[in-house]
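Note that chain A is present in both complexes that follow, paired respectively with chain B and with chain C.
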Partner chain A sequence: MRSTLMQQFVSVALNSLLAAGLYATMAYGLAVIYGVMRIINLAHAGVMMLGAYVTYALFTRFAIDPFLGLVIVAPLFFLFGVLLYKLFGRRMAAPGNAPSIESLLLLFGVWLVLQNTAYVIWTGDTQSILTSYTLKSMEIAGVRVGLPSVFVFLASVASLVFLNVLLKRTYLGKAIRAVTQNRDAALLSGVNADRISAIAFGIGTAFAGIAGAMLSSLMAFTPDFGRSFLLKSFCIIVLGGMESVTGVAAGALVLAILENGLAAYTSVPTSLQDAVSFALLFVALVVLPRGLPGLLAVFERRRAAQ
Partner chain B sequence: MKFVRYAFCLASALFVLSAPFFLERGTLNDLWNLALAVTLASAWNILGGFAGQVSLGYSAFLGIGAYTTALLSLRGVDPFLTLPLAAVLAALFSVAIGLPAFRLRGPYFTIATIGVGEAVRVCAASVSFTGGSSGLRMPAGSFDFNHNYFSMMILAILTIALAAYVKKSAFGRALAAIRQDIDAAEALGINSTRFKLAAHALSAAVVAVAGSLYAINFQYIAPGSVFDFQLSLNIVLMPIIGGVGTLVGPVLGALIVSTLQIKLLSMPMLRDSFLFIYGGLLIFLMLFEPKGVMGIRDRVIAFFRRIARPRTGSADAA
Partner chain C sequence: MHRARPWQVILLAGFAIAMTVGSALAADDEIRVGAVLPLTGKESKIGGAYKLATEYAVKEINDAGGIDVHGKKLKINLTLLDDTSDAAKSAQLTEQLIVQQKVHAVIGGYGSQLVQAESVVPERYGVPYISGGAGASAIYGRSKWVFGTLSPVENLAQTQMDFLTDLVNAGKLKAPLKISLVRENTEHGRDFAKGVEEFVKTHPKMYSIVLNESFELYAPDFKPLLGRVQQAKGDIFMCDAHLEDYIAMQRTYTQMGLYHQMVTYGARGADEAGRKALGAATDYIFASGWWSDLLPYPQVKAFNTKWKAANGTMPQWYHACAYETVRALAAAIHKAGSLNPEAIRSAIATIELKDSILPGGVLKFSKTGEAVLPFVVTQNKPDGKLDLVWPKADKTGPPVAPIPH
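On to the complex of A and B.
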């Protein structure tokens, strides 16, 4: 009895960890754009969907493996993001510190156009990518997990590590962090905030594309695909406090644990699982407007007061 | 000028109410859809336009209305008697959502409402008493198109009148103050949360009644139709295209979007480009004229005034 409980616990923990990698990747794209430009990129869902379809096209036309395809998808979507910024970016930047409704609706329009583009090119039929390893699985610590989810996790970790090095070690990274913390101060110290914003939008879009590509190897997709993942990403960055890579990772882990835990330990039907993350989004927005870091800060202050 | 406006409103009301006597069924159906769109857009505008709280979760209220009516009719209640209950339930739900959500401002509120709308849809599709994702069929023998036509028209007319009344009243002025500067409004002693809740409840109730009429007219509802995200999106798009916060804007936007929809559906070539047109319109308006058609109208008027008036500015100054 004890060993089955243990087994279940290990399984929940492992599956949560694997899911969290993917969640962090897709949420980070949203977070970097929010950080630098203070806009909520609703087109994120459309870009993820497009990432899935581009991977599908690479796989069917040129027989390029979905994970090898990331090498093409990432730079392609980076350029696409920079292009989007050049087209709309200056109008999107909010004057104050809060995102504007206009930018939200503008990006919503972009999402709709992307969706229709996918309908026209690939029709509304459900597509999926079937590789030689799609149905294979492996055993980790006595738990069977699908091979694609392991690959997705590894690719996610690789891209997040790459990003962290970029942010911490290069001038570009410093500039991005500076603009995130205080745009005016960054401008005063000679950072070209417009160029940084363009690059950040590119990075955010690239991460959405990568997330979409990885999702395509895990599940079937349609042009309508991506909305629930957008809401999940948003939930994660709200939990993570909107700005830092570590915060995003923590938020991703919380959401993944909650989803997997509910599925394993309660009788909540799987069809209701999405409702859980939407409800969590709502609760997090209302109760934790500054996310988990804000909550930690509150505890810290209490301890200091005692 | 004011007289012309009233006369025009009265004439259109008389026209739609007498239409069944001289128009054919297909046209009346289109008119029904138009009136539904006008109702939804004008009702959304009370919160989204007057108070500036953009919600992307209004399909939840339409769905609550539709499901209340369908569930009660299936238990033998006359469908039209369920309208008040639908309105009350939706208003209560709107308060339950609004109490926490109105602590959020601007886009954060908008995102929270997407979450609520989706959560409600997922719940309706997975609990059993709503018939799950296969939906509900209204009991046979409860269909009379003339009834449906008149009730929809009356609802649309009442909604426009309600919006006009709200805009003129002290309540509407408080909402306008909240839209323009919520902190300043609070400083003037306006309890912004209470006013937002009231506006939310009022528009939710109207949308729920529209949902009931939807269920009565279409005879079949499912989470995929009445709780659809696309529907929430349409409800927002119409006032934005017409002109948020004005009285005429939502009506105009509803007419534009519904006509587009009817025309597009009859052209097989363009049937698949709904989203291009919606998305394109949204991008275009947000880039160049966030006030919609009404904003364009104001610009045109200002332009003609400038031309019509001889250049006396410099002479006056001298």
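On to the complex of A and C.
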């Protein structure tokens, strides 16, 4: 009995960790763009879908593995993001701290254009990628987990490390953080905020493309792909504190633990998985408007006061 | 006040008469049929297939001289509109066809959600409506003008249970059997679950449902749900899912190393996209469908041959259903002997299309307007092979049960 409970606990923990990897990957790009530009990128789902199709094209035409294909997908989507910024950047810029309505509408329009372009190029047929390891699994602590999920998790950890190194250890990262914290002050300090915004939009778009590429190794897709992931990503970045990539990873883990834990230890229907996300979004907005990093900051202050 | 001059009155009257005569002539010269289909957007894949088959059937009828309406051969003038997979637009275009194009009948779209939106319009104008692409029971029985050539999804589940019961009776499966029932949170999924639940209620000694769960469409992670399936320790896994969810779920099912004596994803399983995405992981999955090109009827073989000659590929179930929808309407118009909407409606309600290519070979409609047809059951075999395993009399290979572990 005890060993069964232990086994179940290990299974929930492991599955939560793997799901968190997937969720975080979906949300990094959204968080980077929001952090720097105060823009909610509604085209994120469209870019994820495009990432899946580009990966599919690389796999079917040139036999490039979806995970190896990331070295092509990432720079390609970075350039695509910079191009998008150059085309629409001025219209997207928000004067204050709140996202502008114009940017929301514009990016929603970009999403629709991407979606319909995909319908024209690839039709509405369901596509998928079947590699030699798609159906393979490995055993970790007595729990069978799918190999693609493990690869997605590893890629997610690598993304987190990359973003943290980029933001904290490089001049570009410092400039991005400066623009994130105070755009006007950054401008006065000689930072080219427009260039930094273009690069940040490129990085965010690249991560959306990477997310799409990784999702294509897990599931089937059509041009309508990405909608439900966008909503989940919103919940994660709100929970993660909107601007912090480590916060995003923590938010993804909280959501994944909640979903897997509820399924394993309660009789709450799994069809309410999305409702769990939105309830969490609601709680985060009301109780933790600055997300998990805000909560940690409160604890830090209390500890310092003592 | 300006008074019209006599020549103006005559001209106006002449114009009015000409218009009336013109429209009367138009009404007698052709049969105006409207169709609303999702040719773009998320339902465009099968919507496009419905267009192809609808136009093919209309061309076939017109090439043969048209429909004999009370001794006069009339050709079909088809107006086909794209609803872009949008339910509101679907209803609006149906109304447009009736009000502006003054169609004699409407051929409905594909997808229960879209057809549901369209199906409220015919009642307002008293125009016969026949759909070949919606099996949700909620659409039918509310209006006497609405018909559908897809048998209800509830019957799909019933057919699968009949098939399983036959395997039990043949000694291939051992009762009592525990069923893990999982379905998408849609009208389609609810009807499927209802069909299984009702069958189990009437066969309590043979079956029990140990898990009854629903899931949202396009879920990113099926592990929590399949964890429950694993814990339920059922003998049979019955799921109703869209193609994308079927692929994602069966991948996770395989990775988790789950096993059940029999596995079905409702109507999914034989799809080429599914087999391409899952490879050997689809072997032995059984699926129910509204049609199969493996049906051994002579009319099916003839249809397969002429379809392949015209389109280069073998027909799929959606081609067959769209084709039969047009044929049923044509037969009803011939039977009605008039283009009067009530006469056509009444003819559809009582028609018996005896050379139908659909399972059972006879297409007729119930009082609620749904087709009364059996389903076929197919089972995937290794190396991409597929066998028709139900109805028993039409099977092309023996059912494999239980699935080899």
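Methods note: the second predicted complex is superposed on the first by the 289 of 306 C-alpha atoms of A that agree within 3 Å, B and C clash if a C-alpha of one lies under 4 Å from a C-alpha of the other, contacts with A are read in each partner's own complex, and residues count from 1 in each chain.
Following the convention adopted for this analysis, a residue touches a chain if its C-beta (ideal position, glycine included) is under 8 Å from a C-beta of that chain, and two chains touch if they have at least 3 such contacts.
Here the structure is a predicted model, which is why all the values come from computation and not from measurement.
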Combined model on chain A where chain B meets chain C, clash or fit: clash
First, second, both or neither for A:286, with chain B first and chain C second: first
Which of chain B and chain C A:305 touches, first, second, both or neither: neither
Partner chain(s) touched by A:113 [first = chain B, second = chain C, both, neither]: first
Partner chain in contact with A:229 - chain B first, chain C second, else both or neither: second
Which of chain B and chain C A:5 touches, first, second, both or neither: neither
Touched partner set for A:63, first chain B, second chain C, both or neither: neither
Which of chain B and chain C A:188 touches, first, second, both or neither: neither
Superposition-derived comparison: chain B or chain C, residues of chain A touched: C
Which of chain B and chain C A:271 touches, first, second, both or neither: both
Partner chain in contact with A:125 - chain B first, chain C second, else both or neither: second
Chain B/chain C common contact set on chain A: 116, 119, 227-228, 269, 271, 274
Of all residues in chain A, those that touch chain C in their complex: 11, 15, 18-19, 22-23, 26, 116, 119, 123-130, 134-137, 144-147, 149, 215, 218-225, 227-229, 232, 256, 259-260, 262-264, 269-271, 273-274
Complex interface listing, chain B residues touching chain A: 52, 54, 100-101, 103-108, 110-112, 114-116, 118-119, 122-123, 125-126, 229, 233, 240, 272-276, 278-283, 286-287, 290
Residues on chain C engaged by chain A in the complex (per definition of touch): 40-45, 47-48, 185, 213-221, 223-225, 227-228, 243-244, 247-248, 251-252, 254-257, 273, 276-281
Chain A residues within the chain B interface of the complex: 40, 88, 91, 98-106, 108-113, 115-117, 119-120, 227-228, 231, 234-235, 269, 271-272, 274-275, 278-279, 281-282, 285-286, 289
